[in-house]
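Read from first to last, the chains carry the letters A, B, C and D; within each, the first residue is number 1.
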Amino acid sequence: MEHLGQRVWAIPEGFIPDSSTGPESMASHETACILNTGDEDAHVEITLFFPDREPAGLWTVTVPARRTLHQRFGELAGDGSVPVGSDYASVLVSDVPVVVQHTRLDSRQSANALLSTVAYAAR
Amino acid sequence: MEHLGQRVWAIPEGFIPDSSTGPESMASHETACILNTGDEDAHVEITLFFPDREPAGLWTVTVPARRTLHQRFGELAGDGSVPVGSDYASVLVSDVPVVVQHTRLDSRQSANALLSTVAYAAR
Amino acid sequence: MEHLGQRVWAIPEGFIPDSSTGPESMASHETACILNTGDEDAHVEITLFFPDREPAGLWTVTVPARRTLHQRFGELAGDGSVPVGSDYASVLVSDVPVVVQHTRLDSRQSANALLSTVAYAAR
Amino acid sequence: MEHLGQRVWAIPEGFIPDSSTGPESMASHETACILNTGDEDAHVEITLFFPDREPAGLWTVTVPARRTLHQRFGELAGDGSVPVGSDYASVLVSDVPVVVQHTRLDSRQSANALLSTVAYAAR
(Lines give C-alpha, C1' and ligand atoms only; values in the text may rest on other atoms or scores of the structure.)
Protein backbone atom coordinates (compact mmCIF):
# COMPACT_ATOMS: atom_id res chain seq x y z
CA MET A 1 0.00 0.00 0.00
CA GLU A 2 1.17 3.56 -0.64
CA HIS A 3 2.15 5.89 2.21
CA LEU A 4 -1.17 7.36 3.34
CA GLY A 5 -1.28 10.59 5.29
CA GLN A 6 0.90 13.65 5.72
CA ARG A 7 4.33 14.53 7.07
CA VAL A 8 3.65 17.14 9.78
CA TRP A 9 1.11 16.69 12.58
CA ALA A 10 0.22 18.85 15.58
CA ILE A 11 -1.49 17.95 18.89
CA PRO A 12 -2.25 21.07 20.98
CA GLU A 13 -3.67 19.12 23.93
CA GLY A 14 -1.34 17.26 26.23
CA PHE A 15 -1.59 16.36 29.89
CA ILE A 16 -0.43 13.18 31.60
CA PRO A 17 -2.62 12.59 34.66
CA ASP A 18 -0.57 12.44 37.83
CA SER A 19 -2.21 9.40 39.37
CA SER A 20 -4.08 6.25 38.48
CA THR A 21 -6.48 3.76 39.98
CA GLY A 22 -6.97 0.13 39.11
CA PRO A 23 -4.52 -2.40 37.72
CA GLU A 24 -1.21 -1.62 35.98
CA SER A 25 -2.80 -2.07 32.56
CA MET A 26 -5.12 0.81 33.34
CA ALA A 27 -2.41 3.30 34.29
CA SER A 28 -3.11 6.84 33.10
CA HIS A 29 -1.23 7.63 29.91
CA GLU A 30 -1.25 9.73 26.75
CA THR A 31 -0.38 8.34 23.35
CA ALA A 32 0.39 9.38 19.79
CA CYS A 33 -0.83 6.53 17.58
CA ILE A 34 1.21 6.58 14.37
CA LEU A 35 0.27 4.50 11.33
CA ASN A 36 2.77 3.87 8.53
CA THR A 37 0.96 2.13 5.68
CA GLY A 38 3.84 2.27 3.20
CA ASP A 39 6.91 0.26 2.28
CA GLU A 40 9.56 2.56 3.76
CA ASP A 41 10.29 2.99 7.46
CA ALA A 42 9.11 6.29 8.91
CA HIS A 43 11.48 8.30 11.11
CA VAL A 44 9.34 10.61 13.18
CA GLU A 45 10.79 13.54 15.12
CA ILE A 46 8.74 14.63 18.14
CA THR A 47 9.00 18.15 19.62
CA LEU A 48 7.23 19.06 22.86
CA PHE A 49 5.89 22.55 23.63
CA PHE A 50 5.12 23.98 27.08
CA PRO A 51 3.32 27.00 28.58
CA ASP A 52 6.38 28.52 30.17
CA ARG A 53 9.65 27.24 28.69
CA GLU A 54 11.35 26.62 25.36
CA PRO A 55 10.36 23.54 23.35
CA ALA A 56 12.13 20.25 24.07
CA GLY A 57 13.37 17.57 21.70
CA LEU A 58 13.92 16.13 19.27
CA TRP A 59 12.98 12.61 20.15
CA THR A 60 13.10 10.31 17.12
CA VAL A 61 10.99 7.19 16.89
CA THR A 62 10.90 4.71 14.03
CA VAL A 63 7.68 3.26 12.70
CA PRO A 64 8.69 0.37 10.47
CA ALA A 65 7.12 -0.13 7.06
CA ARG A 66 3.54 -1.45 7.29
CA ARG A 67 3.39 -1.09 11.08
CA THR A 68 1.67 1.02 13.70
CA LEU A 69 3.38 2.47 16.78
CA HIS A 70 1.35 3.67 19.73
CA GLN A 71 3.97 5.91 21.38
CA ARG A 72 3.33 6.93 24.99
CA PHE A 73 4.51 10.48 25.66
CA GLY A 74 5.44 9.49 29.22
CA GLU A 75 8.06 7.12 27.83
CA LEU A 76 10.04 9.86 26.08
CA ALA A 77 12.93 10.02 28.53
CA GLY A 78 15.79 12.41 29.23
CA ASP A 79 16.14 16.19 29.35
CA GLY A 80 12.96 18.09 28.65
CA SER A 81 10.73 15.06 29.05
CA VAL A 82 7.10 15.49 30.01
CA PRO A 83 6.34 16.05 33.68
CA VAL A 84 3.11 14.44 34.85
CA GLY A 85 0.31 16.77 35.88
CA SER A 86 1.27 19.68 33.63
CA ASP A 87 0.19 21.06 30.25
CA TYR A 88 2.11 20.43 27.06
CA ALA A 89 1.60 20.09 23.29
CA SER A 90 3.44 18.24 20.53
CA VAL A 91 4.46 18.33 16.88
CA LEU A 92 5.45 15.23 14.92
CA VAL A 93 7.51 15.52 11.71
CA SER A 94 7.97 12.37 9.60
CA ASP A 95 10.20 11.77 6.58
CA VAL A 96 7.41 9.84 4.84
CA PRO A 97 3.64 10.36 5.09
CA VAL A 98 1.98 8.84 8.17
CA VAL A 99 -1.35 9.24 9.97
CA VAL A 100 -1.49 10.35 13.63
CA GLN A 101 -4.24 10.02 16.25
CA HIS A 102 -4.07 11.30 19.83
CA THR A 103 -5.50 9.34 22.79
CA ARG A 104 -5.52 9.76 26.56
CA LEU A 105 -6.56 7.28 29.24
CA ASP A 106 -7.24 9.00 32.55
CA SER A 107 -7.78 6.70 35.51
CA ARG A 108 -7.27 9.19 38.32
CA GLN A 109 -10.77 8.56 39.63
CA SER A 110 -12.49 5.25 40.29
CA ALA A 111 -13.34 4.68 36.65
CA ASN A 112 -11.32 5.53 33.59
CA ALA A 113 -12.03 8.24 31.03
CA LEU A 114 -10.90 8.36 27.41
CA LEU A 115 -10.42 11.01 24.77
CA SER A 116 -9.23 10.68 21.19
CA THR A 117 -9.00 12.74 18.02
CA VAL A 118 -7.20 12.51 14.73
CA ALA A 119 -4.34 15.03 15.06
CA TYR A 120 -4.12 18.20 12.95
CA ALA A 121 -2.42 17.52 9.62
CA ALA A 122 -0.34 20.65 9.10
CA ARG A 123 1.53 19.72 5.92
CA MET B 1 -28.55 11.83 -2.17
CA GLU B 2 -25.11 11.75 -3.76
CA HIS B 3 -22.26 9.67 -2.31
CA LEU B 4 -20.78 11.94 0.36
CA GLY B 5 -17.26 11.40 1.63
CA GLN B 6 -14.08 9.81 0.36
CA ARG B 7 -12.79 6.37 -0.65
CA VAL B 8 -9.79 5.77 1.64
CA TRP B 9 -9.88 6.20 5.43
CA ALA B 10 -7.26 5.53 8.12
CA ILE B 11 -7.66 4.94 11.88
CA PRO B 12 -4.26 4.84 13.66
CA GLU B 13 -5.73 4.05 17.08
CA GLY B 14 -7.02 0.57 17.80
CA PHE B 15 -7.28 -1.40 21.02
CA ILE B 16 -10.04 -3.76 22.08
CA PRO B 17 -10.21 -3.79 25.88
CA ASP B 18 -9.71 -7.27 27.26
CA SER B 19 -12.49 -7.23 29.80
CA SER B 20 -15.85 -5.66 30.54
CA THR B 21 -18.13 -4.88 33.42
CA GLY B 22 -21.89 -4.53 33.44
CA PRO B 23 -24.51 -6.10 31.18
CA GLU B 24 -23.88 -7.69 27.78
CA SER B 25 -24.99 -4.54 25.99
CA MET B 26 -22.11 -2.66 27.65
CA ALA B 27 -19.38 -5.07 26.54
CA SER B 28 -16.14 -3.32 25.59
CA HIS B 29 -15.84 -2.93 21.83
CA GLU B 30 -14.33 -0.85 19.04
CA THR B 31 -16.26 0.16 15.95
CA ALA B 32 -15.83 1.68 12.48
CA CYS B 33 -19.07 3.51 11.76
CA ILE B 34 -19.48 3.66 7.97
CA LEU B 35 -22.11 5.86 6.31
CA ASN B 36 -23.11 5.30 2.68
CA THR B 37 -25.42 8.14 1.62
CA GLY B 38 -25.58 7.23 -2.07
CA ASP B 39 -27.57 4.95 -4.34
CA GLU B 40 -24.92 2.29 -4.95
CA ASP B 41 -23.81 -0.34 -2.43
CA ALA B 42 -20.36 0.28 -0.96
CA HIS B 43 -17.87 -2.60 -0.81
CA VAL B 44 -15.34 -1.70 1.86
CA GLU B 45 -12.03 -3.57 2.24
CA ILE B 46 -10.53 -3.45 5.73
CA THR B 47 -6.80 -3.99 6.37
CA LEU B 48 -5.41 -4.25 9.90
CA PHE B 49 -1.91 -3.07 10.90
CA PHE B 50 0.07 -4.18 13.97
CA PRO B 51 3.21 -3.13 15.88
CA ASP B 52 5.12 -6.32 15.20
CA ARG B 53 3.80 -8.33 12.27
CA GLU B 54 2.66 -7.92 8.67
CA PRO B 55 -0.78 -6.41 7.97
CA ALA B 56 -3.78 -8.74 7.90
CA GLY B 57 -6.76 -8.79 5.59
CA LEU B 58 -8.58 -8.07 3.47
CA TRP B 59 -11.95 -8.31 5.13
CA THR B 60 -14.74 -7.02 2.88
CA VAL B 61 -17.96 -5.63 4.28
CA THR B 62 -20.90 -4.28 2.31
CA VAL B 63 -22.73 -1.13 3.28
CA PRO B 64 -25.91 -1.11 1.23
CA ALA B 65 -27.08 2.04 -0.56
CA ARG B 66 -28.52 4.63 1.84
CA ARG B 67 -27.52 2.68 4.93
CA THR B 68 -25.05 2.88 7.82
CA LEU B 69 -22.99 -0.04 9.14
CA HIS B 70 -21.39 0.11 12.57
CA GLN B 71 -18.77 -2.61 12.12
CA ARG B 72 -17.16 -3.99 15.28
CA PHE B 73 -13.50 -4.82 14.75
CA GLY B 74 -13.81 -7.73 17.17
CA GLU B 75 -16.25 -9.42 14.80
CA LEU B 76 -13.76 -9.65 11.94
CA ALA B 77 -13.02 -13.37 12.20
CA GLY B 78 -10.39 -15.74 10.83
CA ASP B 79 -6.65 -15.55 10.31
CA GLY B 80 -5.07 -12.30 11.36
CA SER B 81 -8.08 -11.14 13.33
CA VAL B 82 -7.68 -8.68 16.17
CA PRO B 83 -6.51 -10.04 19.50
CA VAL B 84 -8.04 -8.30 22.49
CA GLY B 85 -5.73 -6.28 24.69
CA SER B 86 -3.20 -5.36 21.99
CA ASP B 87 -2.50 -2.39 19.72
CA TYR B 88 -3.59 -2.23 16.10
CA ALA B 89 -4.62 0.26 13.39
CA SER B 90 -6.82 0.05 10.31
CA VAL B 91 -7.33 1.28 6.76
CA LEU B 92 -10.67 1.15 4.96
CA VAL B 93 -10.86 1.32 1.15
CA SER B 94 -14.29 1.69 -0.45
CA ASP B 95 -15.31 1.49 -4.12
CA VAL B 96 -17.66 4.47 -3.68
CA PRO B 97 -17.30 7.47 -1.35
CA VAL B 98 -18.33 6.86 2.26
CA VAL B 99 -17.78 8.61 5.61
CA VAL B 100 -16.05 6.81 8.51
CA GLN B 101 -16.04 7.54 12.25
CA HIS B 102 -14.15 5.56 14.91
CA THR B 103 -15.62 4.79 18.34
CA ARG B 104 -14.55 2.74 21.36
CA LEU B 105 -16.57 1.74 24.41
CA ASP B 106 -14.34 0.66 27.27
CA SER B 107 -16.11 -0.91 30.24
CA ARG B 108 -13.15 -2.55 31.93
CA GLN B 109 -13.70 -0.52 35.07
CA SER B 110 -16.93 0.03 36.99
CA ALA B 111 -18.15 2.71 34.62
CA ASN B 112 -17.76 2.90 30.88
CA ALA B 113 -15.59 5.31 28.92
CA LEU B 114 -16.06 6.45 25.34
CA LEU B 115 -13.91 7.92 22.61
CA SER B 116 -14.78 8.91 19.06
CA THR B 117 -13.31 10.80 16.13
CA VAL B 118 -14.01 11.16 12.45
CA ALA B 119 -11.34 9.01 10.78
CA TYR B 120 -8.58 10.46 8.57
CA ALA B 121 -9.76 10.85 4.98
CA ALA B 122 -6.67 9.89 3.00
CA ARG B 123 -8.06 10.01 -0.54
CA MET C 1 -18.74 37.98 11.27
CA GLU C 2 -18.93 36.04 8.00
CA HIS C 3 -20.59 32.62 7.76
CA LEU C 4 -17.79 30.24 8.80
CA GLY C 5 -17.93 26.58 7.84
CA GLN C 6 -19.56 24.48 5.16
CA ARG C 7 -23.05 23.52 4.00
CA VAL C 8 -23.09 19.69 4.18
CA TRP C 9 -22.00 17.69 7.23
CA ALA C 10 -22.05 13.95 7.97
CA ILE C 11 -21.99 12.06 11.30
CA PRO C 12 -21.61 8.28 10.79
CA GLU C 13 -21.86 7.43 14.49
CA GLY C 14 -25.22 7.59 16.21
CA PHE C 15 -26.59 5.70 19.19
CA ILE C 16 -28.86 7.02 21.92
CA PRO C 17 -28.23 5.01 25.09
CA ASP C 18 -31.37 3.33 26.32
CA SER C 19 -31.02 4.16 29.99
CA SER C 20 -29.53 6.71 32.34
CA THR C 21 -28.37 7.05 35.90
CA GLY C 22 -28.22 10.16 38.04
CA PRO C 23 -30.28 13.35 37.92
CA GLU C 24 -32.44 14.52 35.00
CA SER C 25 -29.69 16.89 33.82
CA MET C 26 -27.41 13.88 33.28
CA ALA C 27 -29.84 11.92 31.09
CA SER C 28 -28.11 10.07 28.24
CA HIS C 29 -28.39 12.01 24.99
CA GLU C 30 -26.75 12.65 21.62
CA THR C 31 -26.40 16.10 20.13
CA ALA C 32 -25.49 17.92 16.91
CA CYS C 33 -23.98 21.22 17.99
CA ILE C 34 -24.51 23.71 15.15
CA LEU C 35 -22.79 27.11 15.07
CA ASN C 36 -24.03 29.87 12.78
CA THR C 37 -21.54 32.75 12.94
CA GLY C 38 -23.10 34.83 10.15
CA ASP C 39 -25.85 37.42 9.72
CA GLU C 40 -28.45 35.21 8.01
CA ASP C 41 -30.51 32.52 9.71
CA ALA C 42 -29.47 28.97 8.83
CA HIS C 43 -32.15 26.45 7.85
CA VAL C 44 -30.66 23.02 8.43
CA GLU C 45 -32.26 19.85 7.04
CA ILE C 46 -31.46 16.67 8.97
CA THR C 47 -31.68 13.20 7.39
CA LEU C 48 -31.24 10.03 9.45
CA PHE C 49 -29.75 6.79 8.11
CA PHE C 50 -30.20 3.29 9.57
CA PRO C 51 -28.67 -0.19 9.18
CA ASP C 52 -31.83 -1.82 7.89
CA ARG C 53 -34.38 0.64 6.53
CA GLU C 54 -34.68 3.64 4.22
CA PRO C 55 -33.49 7.05 5.47
CA ALA C 56 -35.94 9.19 7.43
CA GLY C 57 -36.56 12.93 7.30
CA LEU C 58 -36.30 15.71 6.55
CA TRP C 59 -36.42 17.47 9.87
CA THR C 60 -35.69 21.20 9.52
CA VAL C 61 -34.22 23.22 12.36
CA THR C 62 -33.41 26.92 12.31
CA VAL C 63 -30.21 28.30 13.78
CA PRO C 64 -30.71 32.07 13.97
CA ALA C 65 -28.01 34.48 12.84
CA ARG C 66 -25.11 34.67 15.31
CA ARG C 67 -26.45 31.82 17.45
CA THR C 68 -25.60 28.22 18.33
CA LEU C 69 -28.13 25.39 18.54
CA HIS C 70 -27.29 22.17 20.38
CA GLN C 71 -29.92 19.91 18.81
CA ARG C 72 -30.62 16.61 20.58
CA PHE C 73 -31.36 13.82 18.12
CA GLY C 74 -33.82 12.29 20.61
CA GLU C 75 -36.01 15.37 20.31
CA LEU C 76 -36.61 14.93 16.57
CA ALA C 77 -40.19 13.63 16.77
CA GLY C 78 -42.63 11.92 14.43
CA ASP C 79 -42.35 9.18 11.80
CA GLY C 80 -38.88 7.78 11.38
CA SER C 81 -37.56 9.31 14.57
CA VAL C 82 -34.61 7.73 16.35
CA PRO C 83 -35.30 4.71 18.52
CA VAL C 84 -33.14 4.51 21.63
CA GLY C 85 -30.64 1.68 21.82
CA SER C 86 -30.11 1.27 18.08
CA ASP C 87 -27.54 2.41 15.50
CA TYR C 88 -28.08 5.36 13.18
CA ALA C 89 -26.17 8.08 11.31
CA SER C 90 -27.04 11.57 10.12
CA VAL C 91 -26.47 14.16 7.41
CA LEU C 92 -27.08 17.88 7.90
CA VAL C 93 -27.60 20.20 4.92
CA SER C 94 -27.70 23.96 5.57
CA ASP C 95 -28.59 26.82 3.22
CA VAL C 96 -25.71 28.91 4.59
CA PRO C 97 -22.33 27.73 5.91
CA VAL C 98 -22.34 26.45 9.50
CA VAL C 99 -19.99 24.38 11.68
CA VAL C 100 -21.16 21.07 13.24
CA GLN C 101 -19.78 19.06 16.16
CA HIS C 102 -21.15 15.73 17.44
CA THR C 103 -21.39 14.89 21.16
CA ARG C 104 -22.82 12.03 23.20
CA LEU C 105 -23.37 11.81 26.95
CA ASP C 106 -23.80 8.22 28.09
CA SER C 107 -24.90 7.77 31.69
CA ARG C 108 -26.08 4.17 31.54
CA GLN C 109 -23.55 3.14 34.15
CA SER C 110 -22.80 4.74 37.51
CA ALA C 111 -20.69 7.48 36.00
CA ASN C 112 -21.14 9.30 32.74
CA ALA C 113 -19.02 8.99 29.61
CA LEU C 114 -18.55 11.55 26.85
CA LEU C 115 -17.48 11.53 23.23
CA SER C 116 -17.18 14.39 20.77
CA THR C 117 -15.76 15.12 17.33
CA VAL C 118 -16.09 17.81 14.73
CA ALA C 119 -18.37 16.28 12.09
CA TYR C 120 -17.18 15.47 8.54
CA ALA C 121 -17.49 18.51 6.28
CA ALA C 122 -18.62 16.98 2.99
CA ARG C 123 -19.21 20.13 0.93
CA MET D 1 9.80 26.11 13.43
CA GLU D 2 7.34 27.85 11.11
CA HIS D 3 3.83 28.84 12.28
CA LEU D 4 1.82 25.66 11.77
CA GLY D 5 -1.95 25.79 11.49
CA GLN D 6 -4.57 28.31 10.52
CA ARG D 7 -5.90 31.69 11.72
CA VAL D 8 -9.63 31.07 12.32
CA TRP D 9 -11.01 28.19 14.39
CA ALA D 10 -14.55 27.27 15.44
CA ILE D 11 -15.81 25.08 18.31
CA PRO D 12 -19.60 24.52 18.11
CA GLU D 13 -19.79 22.51 21.34
CA GLY D 14 -19.51 24.30 24.66
CA PHE D 15 -20.90 23.48 28.08
CA ILE D 16 -19.24 23.97 31.44
CA PRO D 17 -20.63 21.38 33.86
CA ASP D 18 -22.23 23.02 36.88
CA SER D 19 -20.74 20.79 39.53
CA SER D 20 -17.74 18.61 40.27
CA THR D 21 -16.71 15.72 42.44
CA GLY D 22 -13.26 14.83 43.72
CA PRO D 23 -10.27 17.04 44.44
CA GLU D 24 -9.75 20.59 43.18
CA SER D 25 -7.49 19.35 40.38
CA MET D 26 -10.42 17.38 38.99
CA ALA D 27 -12.85 20.32 38.83
CA SER D 28 -15.08 20.26 35.76
CA HIS D 29 -13.79 22.57 33.07
CA GLU D 30 -13.66 23.23 29.33
CA THR D 31 -10.52 24.27 27.52
CA ALA D 32 -9.25 25.61 24.19
CA CYS D 33 -5.73 24.23 23.81
CA ILE D 34 -3.82 26.62 21.53
CA LEU D 35 -0.41 25.74 20.09
CA ASN D 36 1.85 28.44 18.63
CA THR D 37 4.82 26.74 16.99
CA GLY D 38 6.30 29.87 15.40
CA ASP D 39 8.62 32.70 16.35
CA GLU D 40 6.04 35.47 16.71
CA ASP D 41 3.59 35.82 19.59
CA ALA D 42 0.00 34.95 18.68
CA HIS D 43 -2.79 37.33 19.75
CA VAL D 44 -5.99 35.31 19.75
CA GLU D 45 -9.43 36.95 19.92
CA ILE D 46 -12.16 34.76 21.38
CA THR D 47 -15.88 35.33 20.63
CA LEU D 48 -18.59 33.35 22.41
CA PHE D 49 -21.94 32.45 20.83
CA PHE D 50 -25.14 31.48 22.67
CA PRO D 51 -28.56 29.97 21.88
CA ASP D 52 -30.55 33.03 22.84
CA ARG D 53 -28.50 36.22 22.93
CA GLU D 54 -25.98 38.20 20.91
CA PRO D 55 -22.35 37.01 20.84
CA ALA D 56 -20.01 38.21 23.59
CA GLY D 57 -16.38 39.31 23.39
CA LEU D 58 -13.78 39.92 22.35
CA TRP D 59 -11.47 38.39 24.89
CA THR D 60 -7.84 38.52 23.76
CA VAL D 61 -5.27 36.03 24.96
CA THR D 62 -1.60 35.91 24.02
CA VAL D 63 0.18 32.68 23.20
CA PRO D 64 3.88 33.51 23.20
CA ALA D 65 6.18 32.29 20.44
CA ARG D 66 6.95 28.56 20.75
CA ARG D 67 4.46 28.04 23.58
CA THR D 68 1.11 26.35 24.21
CA LEU D 69 -1.75 27.89 26.18
CA HIS D 70 -4.54 25.71 27.54
CA GLN D 71 -7.17 28.43 28.07
CA ARG D 72 -10.13 27.53 30.28
CA PHE D 73 -13.36 29.13 29.04
CA GLY D 74 -14.55 29.50 32.64
CA GLU D 75 -11.68 31.88 33.32
CA LEU D 76 -12.80 34.41 30.70
CA ALA D 77 -14.21 37.02 33.10
CA GLY D 78 -16.42 40.09 32.81
CA ASP D 79 -19.57 40.96 30.85
CA GLY D 80 -20.85 38.17 28.64
CA SER D 81 -18.72 35.53 30.28
CA VAL D 82 -19.82 31.90 30.19
CA PRO D 83 -22.44 30.80 32.70
CA VAL D 84 -21.97 27.27 33.97
CA GLY D 85 -24.59 24.71 33.01
CA SER D 86 -25.63 26.35 29.72
CA ASP D 87 -24.83 25.86 26.01
CA TYR D 88 -22.37 28.02 24.13
CA ALA D 89 -19.94 27.91 21.19
CA SER D 90 -16.75 29.78 20.34
CA VAL D 91 -14.66 31.22 17.52
CA LEU D 92 -10.95 31.97 17.85
CA VAL D 93 -9.22 34.39 15.46
CA SER D 94 -5.42 34.64 15.62
CA ASP D 95 -3.07 37.10 13.91
CA VAL D 96 -0.63 34.28 13.09
CA PRO D 97 -1.39 30.61 12.36
CA VAL D 98 -2.02 28.40 15.39
CA VAL D 99 -3.56 24.98 16.04
CA VAL D 100 -6.59 24.59 18.35
CA GLN D 101 -7.98 21.54 20.15
CA HIS D 102 -11.08 21.48 22.37
CA THR D 103 -11.27 19.45 25.60
CA ARG D 104 -13.79 19.06 28.40
CA LEU D 105 -13.37 17.35 31.77
CA ASP D 106 -16.72 16.57 33.36
CA SER D 107 -16.57 15.36 36.97
CA ARG D 108 -20.20 15.90 37.93
CA GLN D 109 -20.62 12.22 38.71
CA SER D 110 -18.42 9.97 40.80
CA ALA D 111 -15.88 9.47 38.04
CA ASN D 112 -14.71 11.94 35.45
CA ALA D 113 -15.46 11.92 31.72
CA LEU D 114 -13.41 13.45 28.94
CA LEU D 115 -14.02 14.62 25.41
CA SER D 116 -11.62 16.16 22.90
CA THR D 117 -11.44 17.06 19.22
CA VAL D 118 -9.27 19.16 17.00
CA ALA D 119 -11.36 22.29 16.36
CA TYR D 120 -12.71 23.20 12.91
CA ALA D 121 -10.14 25.16 10.91
CA ALA D 122 -12.29 27.72 9.10
CA ARG D 123 -9.59 29.81 7.40
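Points worth noting:
The definition used in the following text is that a contact is a pair of C-beta atoms (placed from the backbone, for glycine too) under 8 Å apart; a residue touches a chain by one contact, two chains touch by 3 or more.
From a predicted model like this one, the values you see are computed outputs, not experimental measurements.
Under half of the residue numbers found at the subunit C and subunit D interface occur in both copies, marking it as a different-residue contact.
When subunit A is fitted to subunit D on its Cα atoms, the angle of the rotation, on a 0 to 180 scale and to the nearest 5, is 90 degrees.
Centre-to-centre separation of subunit A and subunit B, using mean CA positions: 21 Å. Between the CA-based centres of subunit B and subunit D the separation comes to 30 Å, rounded to the whole angstrom. The multi-chain contact residues of subunit D, meaning those touching 2 or more other chains, are 110-118.
Within the complex formed with subunit D, the residues of subunit C that make contact are 1, 4-5, 21-22, 25-26, 31, 33-35, 37, 66-70, 99-101, 103, 105, 107, 110-118, 121. Of all residues in subunit A, those touching subunit D in their complex are 8, 10-15, 18, 47, 49-52, 54-55, 85, 87-89, 91, 102, 104, 106, 108-120, 122-123.
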